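In this document, chain identifiers A, B and C correspond to the written order of the chains, with residue numbering beginning at 1 in each.
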Amino acid sequence: MSLTPEDVNRIALLARLELSSTEQAAMLRQLNGFFGIVERMSAIDTRGVEPLFTPLSAVHAAALRLRDDEVSETDQRALNQRSAPVVEDGLFLVPKVVE
Amino acid sequence: MTRAGAALHDMGVAELGRALAVGQFSSLELTQHLLARVAAFEHLGAFLACDPAVSLSAAREADARRARGEATPLCGVPIAHKDIFVTRELPSTAGSKMLRDYASPFDAGVVERLSAAGMVTLGKLNCDEFAMGSANENSAYGPVKNPWDLQRVPGGSSGGSAAAVAARLVPAATGTDTGGSIRQPASFSGVTGIKPTYGVCSRYGMIAFASSLDQAGPLARTAEDCALLLSTMSGFDARDSTSAERAPQDFHAQMLMRREGTTGERPLHGLRIGLPREFFPQALAADVEGVVHAALVEMEKLGATLVDVSLPRTELSIPVYYIIAPAEASSNLSRFDGVKFGHRAAQYTDLQSMYQRTRAEGFGAEVKRRIMIGTYVLSHGYYDAYYLQAQKLRRMIADDFQACFKACDLIAGPVAPTVAWKIGAQDDDPVKAYLADIFTLPASLAGLPGMSLPAGLGDADMPVGLQLIGNYFDEGRLLQAAHAFQQATDHHLRAPTAALSA
Amino acid sequence: MNAPALIRGFEVVIGLETHAQLSTRSKIFSGASTQFGAAPNTQACAVDLGLPGTLPVLNRGAVERAIRFGLAVGAKIAPLSIFARKNYFYPDLPKGYQISQYEIPVVQGGHLDIRIGELNKRVNLTRAHLEEDAGKSLHEDYAGQTGIDLNRAGTPLLEIVTEPDMRSSAEAVEYAKALHALVVWLGVCDGNMQEGSFRCDANVSVRRPGEALGTRREVKNLNSFRFLQQAIDAEVQWQIDRIEDGLQVAQATVLFDPDSGETRAMRSKEDAHDYRYFPDPDLPPLVIVPEWVERVRKEMPELPAAMAQRFQNEDGLAAADAGLMTQSLAFARYYEVLRDACGQPKQAANWLMGEVSRRLNAEARDIAASPVAAPVLAALILRIADGTVSNNGARQVFDVLWSGSAESVDALIEAKGLKQMSDSAALEAIVDDVIAANAKSVDEYRAGKEKAFNALVGQVMKSSKGKANPAQASELIKRKLS
């Protein structure tokens, strides 16, 4: 199976990446090159195998650790917004959002 | 440079700790000396940020602390951090234009621990953008040169860390390893590096690449230095839900622990080292194979027994890794959207074009490729065939290791199929670079600890590393074997003086 | 169940997705406060903002509340559930993904029984899952730009999803009200709809009876019962119009505009979404051991239905009255204290439904804020019972108490001179005077004129200045004239 230019456009839109036409062409070539080595993976029978989403559960089942319901944070807005592109009245500004 | 000066930067972490303890010199003198050296070797491209004022005040504080008699073994010893770790006092870029001048409001957990021990931060180290790469050619701030041959790559993604330690700019550096990013540059640059078991070091404050694979670890001259550093870097962190909940470990003590029935000449008596036949394929370069075999013979001399084992899915680990890591990365990197922090495009017409331009401008080619791969394999209709299938194979790969560890205590093999290649050699073929990760990916997928130690020189007198892989939380035994090897050999003491003085 | 009412010959099919903000102090994955109304972004900490290097840590309080809700609706509490990432770009979504539960939610199944007029109806629940709320986009103009406030980002939500079991906007509203009452009763949500603590999305479709389910459209963010009703009604009319015009109803996400009374498709949802869900690698599976579930079960308050039944059985209240006594946990608690203190369940209920409710409604107050404490009201009811004060007198006393008087019930009865005459000697004297002074009425009474007797009683009440107990007075007159 190989990707089409349409696939590349669809994925680029989902990923919010603007690609120039030359970038698109290169991307298409490289992705297809990559999926070439992926195909051999698809052939393998994995029926009944538990996926290993985190290595923590490789040997025995891992369980999420929980936090007590306590407020530990104070207002750090000034510090947290030091690297913000555009801020006004403490709000992050973005181009008009249409709901 | 004076001989005393030369001695200063040639000393390792443990050595410096002892010298500072007896007042041979102060942390301030040491730091000043290394800062000068960092400036002198700027052309290596190893450092992205360095603020002498910050480093010197930390050095003075360390000296004061020592004077108060509150010093730890690492107090006053300089270290530099891979720019994947966020820091309050220095910018944190992840090697990306997206985070140029990014000022983090907090320090990474690992940085916190090392600073709390009194270590002096010398600066931030170059790396592949968001740790994606194996040659450090994917940094938005330029490549890093290999101190052994300035025409060659230092390995990646912790290339700045490996190069800075190899060039004796700093005795130790932090790195991160997702698919080999500590072990491979350590091998290419002739230094010692260890990636502990997933969960041993806190990921809090590590700019995420692939959350289920990322692990922090030290790069230094010796296994002993790595043991000291790892003891301080590691430990439970409640801010990281994947941090292993266990008592603080003294890896240095574990490293020195005498094994049952061993003698001075045979410190590894009874240690079974497994050699996966899949780690010695046709594609393995002859020079690398030669150096690795010689190292294994040395291990035998030290009392270890070599046993044949098999990791049948070694090759599969390439597609499996390159599905899982990009999938997680595509999601982890969605937060870079020009809204809360980092780069925002100057020209855009509406919200969508702001997103698309910002990300197109802020990310480099390799990062974009992986975001595309990851987005694709998670997208509707492909999840089961790619992402889920890869995670199932990942389980099988982890099980293969457990089968091996029934027959052996450690696994050994090469770190990479070749020595460091020439800068630009793999430019237009990303897949070729992916294939070169074959020996480091399996342990990463399983979450096992692995390390690389200098084993000798291969073609063009470039360093070759020996990879050791241990079972979960068996870092102590890993370091023990590496330390025994370094006590009996001097590969780790070789410095790239020729290339540097040239 | 009898056949559902048709609208213009169509059957309406509704499923609800409700987002209930959980009443935790801190956020679901960070230690930031969930307090409403703080200055923009002052309660959005590094984790909520998704700053590079930050990681989520789950709040036990949120899980505890999910378990409590699950037990209350008879659902299965999953021993293992998974947090997943829902990936999409939106300015109020800081990480570019929402941490939610997808394939394996924490609460599975369950049901809620509601009353439609005289009929009972069971609404089945599909699931309830934990997730993080997003921030807010402020559309007031910032020179043509939108302001983003992330204080709400990371607030814990329980998304409660029903089966498509409802057949009218009325049923949907009844379900929403019952669900709202339940989450507030359980203390898992403050239920403040103005502040967005309880928001509904309605999945609406129509079909001709017997046909397969029609294409549904999702009406988002309905934060009042009235809007819920109006939005569904408007959407139903719109869909029927389309179909009768021979047009298709396309699946869509729409918003309800209360001003125009119409629904319109959301621009931001136009590009067909592909959320790329996958298990969040930062969060291992959520494991809930049976011991924990049992601990929560023990701490659960008695549920409203059970309590109402108990009031009928033990206190002899009518079903409707018992229902009113359990309208809220605070109301029920007040009733129980009052009942125990005065020992007269019916009287207690009557006072609560009458005088107390009337004033609470008039002042839009909650019973918890009643100026008259249950023990005080009980004392008053006891004084009516022992004949010390008449019902009219009691109401006057209650007025004073409601206006905040700290005087005791007895002191107020004294002060206002509302004490009924209990000294029979004094009463007898008055009766004798009245009989002596009203020979005419006495004769007429003896002649059998009832009116005359009432006149005599009236005279006695008059000269006793209303303090005589009328029953006692009549009794005495009869005896003296027999």
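Quick note on the criterion: contacts are C-beta pairs under 8 Å (C-beta built on N, C-alpha and C of every residue); 3 or more make two chains touch, one makes a residue touch a chain.
Every value quoted in this text rests on a predicted model; they were computed, and no experiment measured them.
Looking at contact counts per chain pair, the maximum sits at A-B. Each chain gets a centre from its C-alpha atoms; the one nearest the centre of all protein C-alpha atoms is A. Distance between chain A and chain C, defined via averaged C-alpha coordinates, is recorded as 41 Å. Note on chain placement: the centre of chain A and the centre of chain B lie 23 Å apart, centres being C-alpha means.
Inter-chain spacing, taken between the CA centroids of chain B and chain C, is 58 Å. Shared interface positions of chain C, defined as residues touching 2 or more other chains, are 46, 49, 51, 57-58, 89, 91, 148, 150, 274, 276, 281, 283-284.
In chain B, the residues that reach two or more other chains under the touch definition are 102, 105, 212, 238, 241-242, 330, 337, 339-341, 351, 355, 375, 379. Shown for chain A are the residues that touch two or more other chains, namely 14, 16, 53-54, 56, 64-65, 67, 76, 80-81, 86, 92, 94-97. Note for the complex: chain B touches chain A at residues 101-103, 105, 198-199, 212-213, 238, 241-242, 244-245, 315-316, 318-320, 322-323, 330, 337-344, 348, 350-357, 359-360, 363, 368-369, 371-373, 375-376, 379, 385-386, 388-396, 398, 402, 429-431, 434-435, 445-448, 472. Of all residues in chain A, those touching chain B in their complex are 3, 7-8, 10-12, 14-19, 23, 27, 30-31, 33-34, 36-38, 40-42, 44, 46, 49-56, 58-59, 64-65, 67, 76, 79-86, 92, 94-97.
Interface residues of chain B facing chain C in the complex, by the touch rule stated above, are 85-86, 92, 94, 99, 102, 104-106, 108, 203-208, 210-212, 238-242, 327-328, 330-331, 333-335, 337, 339-341, 351, 355, 375, 378-380, 383, 387. Within the complex formed with chain B, the chain C residues making contact are 46, 49-58, 85, 87, 89, 91, 94-97, 148, 150, 274, 276-278, 281-284. On the side of chain C, the complex with chain A involves touching residues 24-26, 30-33, 39-46, 49, 51, 57-63, 83, 89-91, 137-139, 142, 144-150, 255, 266-268, 271, 274, 276, 279, 281, 283-287.
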